[in-house]
Structure formats: structure tokens, C-alpha cells
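Take a look at the structures listed below.
One chain, chain A, appears in both complexes that follow, with chain B as partner in the first and chain C in the second.
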Partner chain A sequence: MNGLPPSLNRIVTELSRFPGIGKKTAQRLAFHLLDTSRESVEELAEALLSLKANVRECRRCHHIAEGELCAICSDTRRDSATICVVERVLDVLIFERMGEYKGLYHVLGGVISPLDGITPDDLHISDLIERLADVKEMIIATHPSMEGDTTALFIAQQVQGLPLKITRLARGIPMGTNLEFTNEATLASAFTARVDL
Partner chain B sequence: MSAPHTSQAVVLRTIEYSDTSLIVRLFTETYGKVTVMARGARRPKHALHGVLSVPHRLAVDYRHKDGRDIQTLVGVELADSYAALAGDLARSAAAWLLVEMLDRAVQVADPLPLLFRLITASLEQLNTTSGDFTTVVHFYQLHLARQLGYAPQLEKCPRCGRQVQTAVLDHLGGDLVCVRCLPSGSLRLGRAALSYLRDLAATHISELDSLHPASGVRREVDQFLLKYLFIHVDGMDKLRSLKFWRQVRK
Partner chain C sequence: MQLEELYLSNFRCYHDRRFPFSEGVNIIIGPNGAGKTTILEAIHLLSLTRSFRTHDDRHLIERGNTSYIIRGQLSDQDNKILVQNTFMIGGRKQISIDGIALSSKKEMLGRFPVVIMVPEDLELARGPDSLRRAFIDRVLAVTDKKYLNELLKYRRLLKQRNAALRQVTARDYSAVNIWDAAFADSAHAIWRIRAAFFGEYCSIFSSAWSQQRPEISASIDYIPVEYENASAVREAMERSVETDLQTRRTNIGPHRDKIGFILDGNNLRFYGSLGEQKLFIIALKIAEARYLETILGTAPVMLLDDLPATLDAERSRRVIEELSDAYQTIISATTTDSFGRGWETAFKPNRISLPVEGEACPA
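Entry: the complex of A and B
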């Protein structure tokens, strides 16, 4: 019993389900909605409903799309001979922000995580393999963790023998960091993957 | 009052707690299984970023408070990342399996330093051996059963006392008995499989490369050790990493 009317309590409960939103923030947001005009709230409600109604998974790469194919797969200017394999949809957004990459993507929907019971069958690996016929380079961009490495190795093993170049993102000391503040795991990784000058 | 605790440890499991923190389950040499909170460990520039990963061996320093389920991690130094495992699919699948078996077999705050030696030596061997590493998995499973107090009788039948030539697993009692005492048993171990198990029991882990079981023997022992652990250790039949281990070995 917090003295709030049931409608307000309901919206606080719903908002606090969002990641990173606690009870207090949810209350702040709810009060902000109360102070907002009816039109704005209706617009927000409509945007939420439209999100659920229209946004789906791209049939080809499993990124988010508003039609059968996502904006990246539909873009004929993208280099279809290169595929970047990522764990999640959010990773695509990170690469797109970088602006350097002009190829296509494939979203796996997670990584192999034996301790969580997630095996290759739970990921979009078989349809990745089906897409590789005309691909010249596959960049595996899973996260630098034991799970990410296992997933990368598994994919590389599955496509062995196909005429394509397989690369993995480099790893090591972040730009602008002093060696003194680099932890042992990162330093060991950078040392193992050192490059010729 | 909280007390400082220091120990060697192996990372059994990590769980993302928030955008910046991790909950880490450790098997420590001195205090057994302990869960700690690593605040800030998920921040990209944090000193612990990437260090708290399965199955890294660490020197840990944490604050222990009685009655708390989750202790507070204070400091960590990486002792061994078993780097070669990350470059080999089957070996990393074996490492997942070993670590999960340990996690399921041990209770919270029950110090078992011999088991700590077993897991670290087995991970080290998996990481470095150039030979058949399934012998490392078999060695680990057999010695895990022994350390937990369930060593199978490999010489004499526990029912009749006779020397065992062909053994059968008694699914009800959990013993390995001779075929005369249980002629209807379905999981059988022939002479070669028994001999391989005796070798595993008597060989030092660093000498495992000298064992070369035939593939049929490996399969028999594989099946037996898993079933044996399923019978004796609670929760072992729910191993999640087993499916991937089997998939990779195919």
C-alpha cells in the first residue's frame, strides 16, 4: 500500500519490468507520463503497439526488420560477398555505428553455452551455412569469452572445406590504455595474437 | 564482522548481475565452493574484465561474512587461463564438462583440497597434452568418484569376494559386481575395460599419455563412468554440458 491509485501502480509495475529500471525510476517515469499531454501518451502507446505488430526477424540474417528482409539485407549497395557473424541484434547496431563495414550480417541469437544448456542447435548456425555459397569472407565477431571462442571454433569447423576466408576480430589492449592498467587475461590474449610489423 | 579470506580458486560459473557486476561461483582450495559478488567486473576497463571466466584458475581475496550466501570479492590475480583450451573445440567442451561435474558434486563451503588438486591438474593436462585427452576426462571422473567416497571396486566383487573378470553395474545398489552375481546386468565391462580403469586408478595424471585404450574400450568406460556418477552423485544426471560434449565428439 503506497497510497498511489491503482492505474498509477499498474504502470509503475509494468515499467519496472524493463532492464535497468528500478521501482524509483519507474515511479519517476510514471509521474512524467501523468504530466505529459494525452496526445503524446497516445503516440507512445501507438508506437509500442506498432513495434510489436510490425517489427520481426529478418528471414535471411535474423536482424530486426519491418518486412521479410531487414534494411541491410535489402540494400543492394552492400557487399554480399562478406558476412559478419554476431551474437545479438545489438551487435549489428554497434558495427553500423562504426561505419567501416559495408558487408552483410548474420545474427546467431546467442552463443554456445554448455553450462546453460545452449548448444549449436539452439542458434542460427545451419541457416548461416546455407548462406555461404557466394560468400568470400566470413568475419566471426562473437564476444571474446570462452563461450564466444567456442562458438567461433564450432562455426569454423562446420564450414571447413568451403572456399571462403574465415576471420575473427582481433583482440588485445584497448586504444588509449596504458599497459600498466591492462589485466593479465587481456595482456596474455594480446601477446598471443601479436602481429608482425 | 567480515573476515578477509584468501585462496586459490577455479571459476565454476559466472552470472551477469547487472550492467556492471558479476556473480561468480568459485571452487576454492581452502574454503570449498563459494559465491562472490564482483562489483564492476563487467566494465570494459575494469581490472577484472575477462579474468573472471570459466575455467580460469585464480588467486582470490574476498570478505567473508557468516550467514551470507554471496560474499564480496576484493582482489583477484589470474594464475592460469588454460589458454590452449580456447583454441580447441573438443578440449573446451571437455573443460565445461569437468567444471560442471565439480559444481554439481560439491556442496557450499565444504573444503576439499584434494578435489581442488584434481580439477586443476586435469585442466592443466587438458590444456597441454598432445595425446588423447578423453583419458583425462575418464581419469577425472574416476578420481572424482573416489574423492567423493564412491570408488568402484575394480578387483574383487563386493558381493561374493571373487576376482572380477567381467563386471556388471548394479543399477540399484550402485556397485560394480561380477557377472556371476548379476547375470542380467545390462551395463557390462569386459576385461580390457576393467584393465583400463585399473590403469587409470594407478597412473599419475602426468603419465596418462602412456594409456592407449581401444575405441570400443573407451566407449564402454565412457558409458560406465557417467552412469556410475549419475547413480552416486545427486544432480549429476542433469549435466547440461554433456549434450555439447557428445555433439563435439561425434
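Entry: the complex of A and C
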């Protein structure tokens, strides 16, 4: 076809499946691999296989884990009486980067959105409720969208009557932002959630 | 606000073209398909960030090109501003004012108000309530940012709730029910703004109408839905559950509002003559201009597409006279014959003759 050996064509095809990698970049990467030492390539191949073999969903919180439980769930220093409910794995990483939070997480795997065919049954809500027995505070940290709000409301309804404190992230004006540049929706919710001084 | 000059680049049939406008009356003259409406379309797009003929910006690009530019030099008393819209295939529409990019299209609304009247507006008088709701939604979107945000939210909530209604299998209402609180809040907010709007708009309309035909009474009939608060809306929704589940859509809410145009005690939609319907639309548009001016503090530019198709000679002259007195008025027409003799001496219009360079400009 293009005069390249089949093995090279095969790796180019596989690499161009990656997001953001076009045919040209894939060829460049393939030639780079050809120039790389055998040990390094074996290292890479092994890393790829191990990723697939070892990384899975945490049995308890649905965060990414290596083994049955994720690093956060298996860390005994964390406060198991607090659970922060988030939409996606990426949200866990964002909260962890903040470094303030010492409790556990629960990843829902999305938000309720009938338009996208996502019903409460498609989310990890029932096993969240099972985890709440020893929990004192549940922070619902779904995104401040109408779907995020509705999902938060749904969860709150489901756990009604359980003796725990349910909180929702406050919304407000981002730090260092001039009021003039704050959009009306943000300003309105910051105004509604104003605090005593 | 006044449009001093319009520049079009790769916009439909206009490859690279400037059109100067003057205050008072401007007339764009040319045969059908010469590109008259395209000029009004570009001005409308500058004002409202979208065309009134298509929702797809790709259709606006001149054939063989990949982007268009529209630029308008505007003035308001001593202030001059330059508004620019650019769109490139595969990209987003960029809007800038005096070279500073706006972060959202919403920011443009209300900065350069226009009122457009096209022959199809007759449907406002003859067609279903949805057209009249769309009309007031558009006026409010320009004058009230809070309404616009609420409306966008409401439409999404309605879609989600209707999707949930379609998916419900058993008699389990909870998947639908979870949308109700937000839905009721939003519905109530929209009703409140609409009721206040109609109060003000109707009185402006009445005075605009009485200048046209004082001997007949005309009014806009909107009965505000009387829910005292959002929880009353929720109660109404709960009473409507069975119907909602049967019809698989939401039956309570501002998306079902009825807006009637009433002439001499009768609904114009069923009883009005063509002439009366046209006159009603004229008064409605004059009222729109006055309302925009009152709320925004800026006079809109009037865009009258194919005016002779809507009005006879006598009426056209009176409308032009009335409008150009207060607003910059841009009219398109295939001929000015129907305006009667001497109208050029009376109005001294700025004339734009099409086609340019013998090109055709189909929409």
C-alpha cells in the first residue's frame, strides 16, 4: 500500500485510535518506537498490559483502584464518617488536588438525564445508600447544573429519615473575580447563599 | 442607535461590499433574488447574533469560502461603536465590539436593538399560539437577561421532564417527580415576568393601535396564570400527573400559554380580515420599537422587508412617516411605485440599488 512493512502499518493503525492522534503523529510515534531500545519497548508493553490487568473500579466507591479497594478507601487515616458524592473519577482528582478533604468518596458515574437516557438505575446510587450506615455527613458535590442539582435532590430524597447531615457545595463568585465579570446566574446563586458576617 | 455603514465579506452573495446608510429612510431597491433581504438579514444578525432565515451559519457563507465577516459601524448620539461578527466553518461565532471579543453571544443582546417586519409576520395574527409566545420571548430575551437565562433553563427542564415521562414504564412517578421542584420554580418565574411584561406592553400597544384605527378597539389577550407561588404550581402539576402520564408530556407550564389578538371583541385569528390582521401586526411592531426604546434607553433600527407586499400605498406612506420620524428605517422593495408619486421628495431616502455587479443573490 504505502511500502511500509505490515508490522509498522499495524502499530500506526493502533496508535491512530488514540484521542488527538492523527495518522501523521502515529507514524512519527511508530518510527520513534523503532529507534527505541528493545528493553524500553518491553517496559512500555508491560506497562500497558498491567494497566489493563490491574486497574479497575473500586468495589466500594467506584474510583479507579489497583486491587479491590482504591488507595483512598484503603487509607485508614481517612475519615470514614464523611462521604463526598461526585459525578466522575475526574472530580475525585480535583478534590484531592485541593488537599482539604480527608473523608471518603463515592463516584456516581454520571448524573440523571432522561434526555441522554440516564435514569437513577444507571448510577451507583443504591450501593451509596448501603454505605451510609456509619456515615455522619454526606457532601453532595455534583456539578452546579440542573441535572447535577436534580441528582442531588434525588439522592437526598432517597436517604430521607437517615440520621446524617446532608450538605451541598456552596456556589459563589470565584476568587479574584470582579463582580462586573460574574455572570447573572452565578451572582444570583451567590446572593441567595449569602452568609452572615 | 443608528447604522452608519455595513460591511459584508463572503456573506451569501456579497464577496466584499460596503453599504452606507443615512438617518431617516433608507430604501433597498432591486428585483427578487437580488440580495435585498440578505442585507436586512446581516443587520438582524449583528443585532440578535443569528439570522431570521437559517439556524445554520454555514449556509450564510458565500459558496467556495470557509468564513464570513459582518461589520457594522453604529452611532448613538456622540458614541460610535464597531460591531463585528465572524464565523468560520468548524469554529464558533466570534462577536466583538470595538475590537474587544464578547465572552458570550448573550452579551450582545440589547446593545444594538432592531425591529424586523417580514411578510411572514402575518402568521403572528393567523397562526398558532406558539408563534405569539416566540414573539414575546424574543422581545423579552433582548430586554431582560434574567428572563433569557430562565427561559433557557425552563426549556431544558421541560425536555428532561418530557423525556422522563416517555421513559416511565411502571406507575413509578418518582423519575418524573424529581424534576418538578426546579420545573415549578422556573415556570413560576417565567409567568411572573410575562405577566409584568404584558401589563406594560399592552398599554404601549393600545396607543400604537389607536394611532392606526382609533374607531375600533384592539388588545392583546393574555390571562396570567394565577399561581401565587411555586408550590401552587407544584400542586397543579400533581393534579395533572395522570394526564401527563397518559399524554407523555408536561401539560402545565408557560409553554402552553395562550396569547390572543383581539379586535373589536373577536379573536383576530378567526374573525379578522386580511387588512385588519396586517394593521394589527404593524401596531404590534411599532409597540415593539417603543417598548425596546423605553426599556433599553436606545432607539431601535426598523427593518421592513418587502414593505409593499404587506401594505398598500396609502398605509405604507403613513407607516414610513410615523416610523422614520422616530427611528432609522431600512426598507426593502422591488419597486417604489406603490408608495405613490412624490414619496422620494417627501422622505428623501438614501437609495441602495441592487443587484450589485449584476449578480444574483438567492437565499
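Structural remarks
Definition applied: the second predicted complex is superposed on the first by the 159 of 197 C-alpha atoms of A that agree within 3 Å, B and C clash if a C-alpha of one lies under 4 Å from a C-alpha of the other, contacts with A are read in each partner's own complex, and residues count from 1 in each chain.
Throughout what follows, a contact is a pair of C-beta atoms (placed from the backbone, for glycine too) under 8 Å apart; a residue touches a chain by one contact, two chains touch by 3 or more.
Bear in mind that the values here come from a model prediction, so they are computed numbers and not experimental data.
In the model built by aligning both structures on chain A, chain B clashes with chain C. In the superposed pair of complexes, A:120 makes contact with chain B and with chain C alike. In the superposition on chain A, A:144 contacts chain B only, with no contact to chain C. By the touch criterion stated above, A:101 is placed in contact with neither chain B nor chain C. More chain A residues lie in contact with B than with the other chain of the pair chain B and chain C.
Applying the stated contact rule after C-alpha superposition, one finds that A:192 touches chain B and leaves chain C untouched.
Of the two partner chains placed by superposition, A:31 touches none, neither chain B nor chain C. Residue contacts after overlaying the shared chain place A:157 against chain B and chain C alike.
Two complexes overlaid on chain A leave one chain B stretch from 2-10, 20-28, 164-172 or 182-190 clashing with chain C, and it is 2-10. The contact surfaces that chain B and chain C form on chain A in the two complexes overlap at residues 112, 114-115, 117, 119-120, 146, 149-150, 153-154, 157, 183-185, 188. On the chain C side of its complex with chain A, the touching residues are 104, 145-146, 149, 153, 156-157, 159-161, 163-164, 166-167, 174-175, 178-179, 181-182.
Considering their complex, residues 112-115, 117, 119-120, 146-147, 149-150, 153-154, 157, 183-185, 188 of chain A touch chain C.
By the touch rule above, chain B contacts chain A in their complex via residues 13, 19, 44-45, 47-51, 53-56, 77-78, 81, 83, 85-89, 92-93, 96-97, 99-100, 240-241, 243-245, 247-248. Interface residues of chain A facing chain B in the complex, by the touch rule stated above, are 20, 112, 114-117, 119-120, 144-146, 149-150, 153-154, 157, 174, 177, 181, 183-186, 188-189, 192.
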